[in-house]
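So, here come the structures, one by one.
Each of the next two complexes has chain A plus one other chain: chain B in the first, chain C in the second.
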Partner chain A sequence: MNTASIISIKNMTKRFPVGKGEFTALENINLEFGEGEFAGLVGPSGSGKTTLLNIIGSLDSPTEGTATVMGKNIAQLSHKESALLRNLHIGFIFQSYNLLPVYTVFENVEFALLLQNHTASERRKAVMDALEWVGLTDKVKSKPAMLSGGEGQRVAIARAMVKRPKILLADEPSANLDAKNSHQILKTMKQLNKELKTTFIFSTHDEKVMQYLDRTISLADGKVVKDELTVAANAG
Partner chain B sequence: MIQFLLKGILRDRSRSLLPIIVVASGVFLTVLLSTFMKGLFNDIIDMNAHFTTGHVKVMTRAYADNIAQMPNDLALIDVANLKEELVADYPDMEWVDRIRFGGLIDVPDENGETKTQGPAVGQAVDLLSPNTQEPQRMNMEKALRQGRLPKQPGEAMLSEDFAQKLKVELGEEVTLFGSTMEGGMAFKNFKIVGTVSFGATVLDRGAIIVDIADAQEALAMEDAAAEILGFFEGDTYDDEKAKEIVADFNAKYANDPDEYAPVMQSLKEQNDLGSLLDMSENMRIILVSVFVFAMSIVLWNTGLLGGLRRYTEFGLRLALGEEKKHIFKTMIYEAILIGFIGSVVGTILGLSVAYYLQEYGIDFSGMMKNISMMLPQVYRAQITPDALYIGFIPGLFAMVLGTALSGIGIYKRETAQLFKELEV
Partner chain C sequence: MLAFKLAFKNLIGAGLKTWLNVLVLSLSFVIIIFYNSMMDGWDQQAQTDTIAWEIGQGQLWEKDYDPYDPYTLIDAHAPISPEMKSQVESDALVPVLITQASVYPQGRMQNILLKGIPSDQQLLDLPTSALGTDGDETKAIIGKRMAEATKLKEGDKVLLRWRDKNGTFDAREITIANVFDNNVPSIDNGQVWLPLSTLQDMTGMQDEATLLVTGSNYVPVNNENWTFKGHEFLLADLKTIIQSKKGSAAIMYILLLGIALLAIFDTQVFSIFRRQKEIGTYIALGMTRSQVVKLFTIEGGAHSILAAVVGAIYGIPLFIYLKNVGIPIPAASQNAGVPMASEIIPVYGISLILSTILLVVIAATIVSYLPARKIARMNPTEALKGKIQ
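Up next is the complex of A and B:
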C-alpha cells in the first residue's frame, strides 16, 4: 500500500510556551504518510490534531525531532520556503469554509491560482474543472452568502484542489454540516483522492468521516495511541 | 492580483469607503484652506502694493525714516529726471509718483460759511494722464459708489463714508487746507464728482482722492513727489527680482551722504509685509503637516480595524502559500489605490469650492468695521498650480503610512497565530 513516503515525522515533539512554563501538545510522534493515502487523526479535543496538521502544513514547526514534507525539513524552512511549499503542494480545508465574501465562487477558487504563473485561460479551465469535481458549475457567479453550508464547503474543496496539491489537510471539514452534506463532501473527496492520487489527512471527531478513512490514527494527550488500517465501509 | 484586489476594494465598501472619506475630507480641507490662505495673503499683499508700497518704492532717506507722518517736506525733488533714470535702468517696470498728505476739508454753505469740516487723508495719484494705469491699479471703477472718476483738473473724489459725514453732494465744491513743502499754508478748491469705497477701513477713513498734478500745485510740490512706486510687469511681485533692483539702485547712492538722496525699498521691506509673506508660507506648511499627521492617525486606526476584519482573508492567503511580505505589499498597493481615489475626489471637491471662492469670495465686511489693518473685506481663494498636489500627495502619503503602520501587526504575528483565526 505505502508507495513513496511524502510525509515523514520522526521523534517529533511540539511544546508551546505557556506563562513561565511549557505545554507539550505533541510528544514523540513517529508517522509516515505515502502518496494517495486517505487518513484521519481522531481523538478528543485538545489531543493535538490541529497542531499536527499545522506542522505538516508548514504553518508551525516542531520543537524537537523532524517533520519532512515533500523532502523538505519543516524546521529548516524559511518563511518564504514554507510559503512556496504550501503554494505548490499543500491544500487546506477548514471547519468554517473561509470563503472571501466579496468574491464570486469562481473568483474564490481562482484566488488559489493567482500566486502561480498561469494565464487567464489556463486558470479558467482549471477552475471550471475543479468546480465540476464538486458539482457546482452552475454557481460560478454566486457570492458565498448565497450558498448553502454544503455548497460553501464544496467551494472550499474546489479551492483547495484546484492547484492539484500533493497533500490535502482537512481540519474538521464536516463539523458544520448535516449528515447528508457530510456524506456528499466525503464522497467527493474520496473520488478526488482516487483520481488525483492526493494524500488526504483529516482531523475529526465525526463518526461519519471515520467510516470513509483507510487509515485511522488515534491521538490522546499528544501521543499516537493507535494507528490502524481501516476498512472503508462507505468506500466507492 | 492587482485586478483582484481592485475588485475587492470596489465591492467591499466597508474596506474602501471609510478610508476614502477620510482621505477625501482631509485633502479637501487642505486644498481649500491652502488656496484660501494663498488668496487671502495675496489679496493683502496686492492691496498693500497697489495702495501704499508698490512692488518697490523710491523715497528720500529722510522720508523713509519718518514715513508714518507723511512728511512731504522731505519729499523727492527733481522727480522727472529721477523717473527718466528709473525707466532707463529698469525698463520692465512701471514707475508712478504718489503723494499722500494730511489736511482738512471744509464744506461751505451757500453763503460761503463753513457747513461741515473734517480731517482728511489725501491720496494724490496720476488720474488724468492719457495712459495712466493708476485708476485701474487702485480698482477705482469697482470702488466707485456714486458719480464718476475725475476727468479734469480740480475734480476730486471722497470716500463714501466721509462724503456722508460731511454731507457733501456730488457737484459741490470743497476746500482742502494743507501745508506746503516749505511748511506754508496751502489751500485749493475741488469739485466732488464721485465717491468711492475701497473696502478697507484704513483706505476709506476720511479719504480724498485727487490728481497728482493738482496736489503738486496745491502743496507747492512742482516736480516733487513723496514717493515713486515701481510695479512689475503683469503685476506679480517677484521677491528675487525686487531684491536685485533694490540692491542695484541703492548701490548708486551708497556714497551719497545726503539725507535727501533717494533710497529704494522692496515690498517685503515695508509695512512688515515680509513677515506676512513668510508667515503665509509657514502656515501652509503647518497646515499640511497637521493634516498629514491627523489623517495618518485616523487611517492607521481604520487600517487596524479593517485589518482585524480581514484576518480570515490573511490567514487564508497564508494557507494558500502567499508570503507575509507579499500580503503586506498588496495592502500597500490597496492603500495607494484608495489613497489615490480619495485624493482625487478630495482635490476635485477642494478645487471646485476654491474656484467658487476665487470667483465670488466671502464677504466679511460686517465683521471688520473697526480694523485698521489693511485687510480686504471680501475674501477670495486663489488657485495656484500647487493646489493640485498640496492635498493630493499628503493624502496618498497619509493613507500609505496609516496602512503600513497597521500592517506591521500582520508582520509581528506568528503565521500559526494568524492562522488560528481560521479555526473557529
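Up next is the complex of A and C:
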C-alpha cells in the first residue's frame, strides 16, 4: 500500500495456555495496514483470523513481538488506554451483530457516541447520518428483535461507523446472512471505505466477501501463507 | 450520568424480572416504614397520654417512695410544705397520696392501690370532678380496666378496707362515681381514686402526700423529703419497651429485605453469566472494565430506586389512609400493661423515610457490586464469544 501505515505487526506470536501446555494461535506474523485499506484475513476455522483481529482491536495482546495500532503498542496499553483506543479509533462488527437488545436502533448506534463527549444534537445528527448510510432511517425506533438479519447487521455497521473510526474490524460479518444481504452490506461497507477512508479488515472464509477485498491475507495454522493485492470484482 | 441512564434503560428493558425484584424490595420499604411509623406513633401517643394522665411535667417523690416495692408505701408519705401548698392551690402541683387497700366486689377480696387526688385538680386528665364531696357517700373513680376486672360499673357500691397510719384496719362502702376510659394502664389497673382529703382523713395523714405531679408553671422547691423525677426517668420504662418491640420487629423486615437482596444478587449473578456477549460488546465499543462494573452495580442498585418509586405509588396512599383512620390495636394488647390507644396514629418522620431509603439503596448496591466485580476479571474476547468463564 502506498498510504501511511496505521497498523504495524512485527514478529508477533500469540499463544494460549491449554491445560498444562500451550496452543500457538499466531506465529511470527508481520503485517502492515495502511489508511483506507479494504483487506481480509481469510482461512479456515482455527487459522488465527479472529485472534489477529482481537489483537488489532486491543481486546487481546501478543505473547511475543509487537502490534502497533495508531502509534500505540498494544502490549503496553493499560485497560483504560486500550478502551480509549477502541473508543476513539476502532469500530467492531460481529458475526452475530451483538446489538444491545433493550435499546432501539437509534440508541444502539448512539451508544458509541455516548462514550465520547458529544452534545445531544451532535449525536442525533451523526446517528441519522450513519443510519442513512445503511438505509435504515425508517427503523430508528425499532428494537433489534424486530429487525431482519440483514437489517441487524446494517445497524451494527452504522454503530461501528457512527464515530468515524480509523479502523473497522469485521469478524465474519456475512456468516449469518443470505447472499442478497451479504452483497448489500458489503457494498455499503465498500462505499463507506471509499467515502470515509476507513481501514476495513475482515476475518472471513466467505467467498462473497472475498470478491470485494482489495487485499487478501491468507492464514493457515496461525501463519500468513499469502498476502496479495486483489482486484475487487465489485469495486465501486 | 451515562452509567445511570444506561443502567435504568437496561433495567426497564429486562421487563418482568426487574419488576418482580422491585415489587419485593418495595414491600420491604413499605413494611419498614409502616412498622417504624407505627412504633413512633405508639411512642408519641404513649408519652403524650402518660404525661397527660399520670406524670405531668415530672413528679416529686417522697424520699422513701418506690413504685416497684409496695412495702415502702407505709412509710412513703410526708407533709406538704407551705411553699408547696401555694403551688398546689395554683394547680402547679397536684398531690397524690397512695396507700394499699382491699375492695370486695361480689364478695371477693382484691388488693388495690388506693390513691387520693384533689377533686378540683385540672393538671391531669383524670375526671376527678366526679369525686365531688356532695352528700355523705364516699365517691371513687376507677379506670375501664379496673372496672372490667372487678365487674364494677358507675353507681355501684363496694366495700373498701384499708389500714390507717397506725396500722389499724378500717372499712367503709364507696360509690363508683365514674368509670373513665384511658390509654394508661398504670393509673388504672388495680387502682381506686378517692378525693385526697377523704383519703387523708381515712388514713390520718392530714396534709400529706406520697408524690406531687408538677405542671408547667411549677417552680422548683428545695425540700429534703421530696426528689424530683423528670420525663427521662419516668418514661424510661416505656421507651425501653418500645425499643425492644422495634428490635424484635427488625427481625421481620431484615428477613424480608434479605429475600429481596438475595433476589437482586441472584439476578446479578445470572445477568453477568447470561450477558457476557453484551459485556464484551460494551468493552469492544470502548467502555473500560471499571465502567462496565459500575454500570452493572448501578443497574442492580437501581432496583432500590425503582422500588422506592413503586413503594411510593402504593405506600403513600396507604400511609395517608392509616394516618387518617389510625391503626386498630386489638383489645388484648391494650391490657398488656403499657400505654396503648385502641388506634395508633402512625408518625412518618422524614428521617425515618430517608434512612430507610438510604439503608435499602446501600444494601442493594453492595449486593449488586459483589457479583459485578467478576466483570473486571473477564477476558473480553471470551466474553464476546459468550463462553462461560
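The rule we apply is simple: the second predicted complex is superposed on the first by the 235 of 236 C-alpha atoms of A that agree within 3 Å, B and C clash if a C-alpha of one lies under 4 Å from a C-alpha of the other, contacts with A are read in each partner's own complex, and residues count from 1 in each chain.
Note that a residue touches a chain if its C-beta (ideal position, glycine included) is under 8 Å from a C-beta of that chain, and two chains touch if they have at least 3 such contacts.
Just so it is clear, the structure is predicted and the values come from calculations on it, not from any experiment.
Once chain A is used to superpose the two complexes, chain B occupies space that clashes with chain C.
Of the two partner chains placed around the shared chain by superposition, neither chain B nor chain C is touched by A:225. When the shared chain is aligned, chain B and chain C each come close enough to touch A:100.
When the two complexes are overlaid on their common chain A, residue A:57 makes contact with chain B and with chain C alike.
When the two structures are aligned on the shared chain, A:112 is found in touch with chain B and with chain C. Residues 50, 54, 57, 59-60, 79-80, 83-84, 86-88, 92, 94, 96, 98, 100-103, 107, 111-112, 114-115 of chain A lie in contact with chain B in one complex and with chain C in the other. Remark: chain A residues 50, 54, 57, 59-60, 79-80, 82-88, 90, 92, 94-96, 98, 100-103, 107, 111-112, 114-115, 171 touch chain B in the complex. Taken together, the chain A residues at the contact with chain C in this complex read 50-51, 54, 57, 59-60, 79-80, 83-84, 86-88, 92, 94, 96, 98, 100-103, 107, 111-112, 114-115, 159.
Across the complex, chain C meets chain A through its residues 2, 6, 9-10, 12-14, 277-278, 280-281, 283-291, 379-381, 384. Chain contact summary for the complex, chain B toward chain A: residues 1, 4, 7-8, 11-12, 312-313, 315-316, 318-326, 415-416, 419, 422-424.
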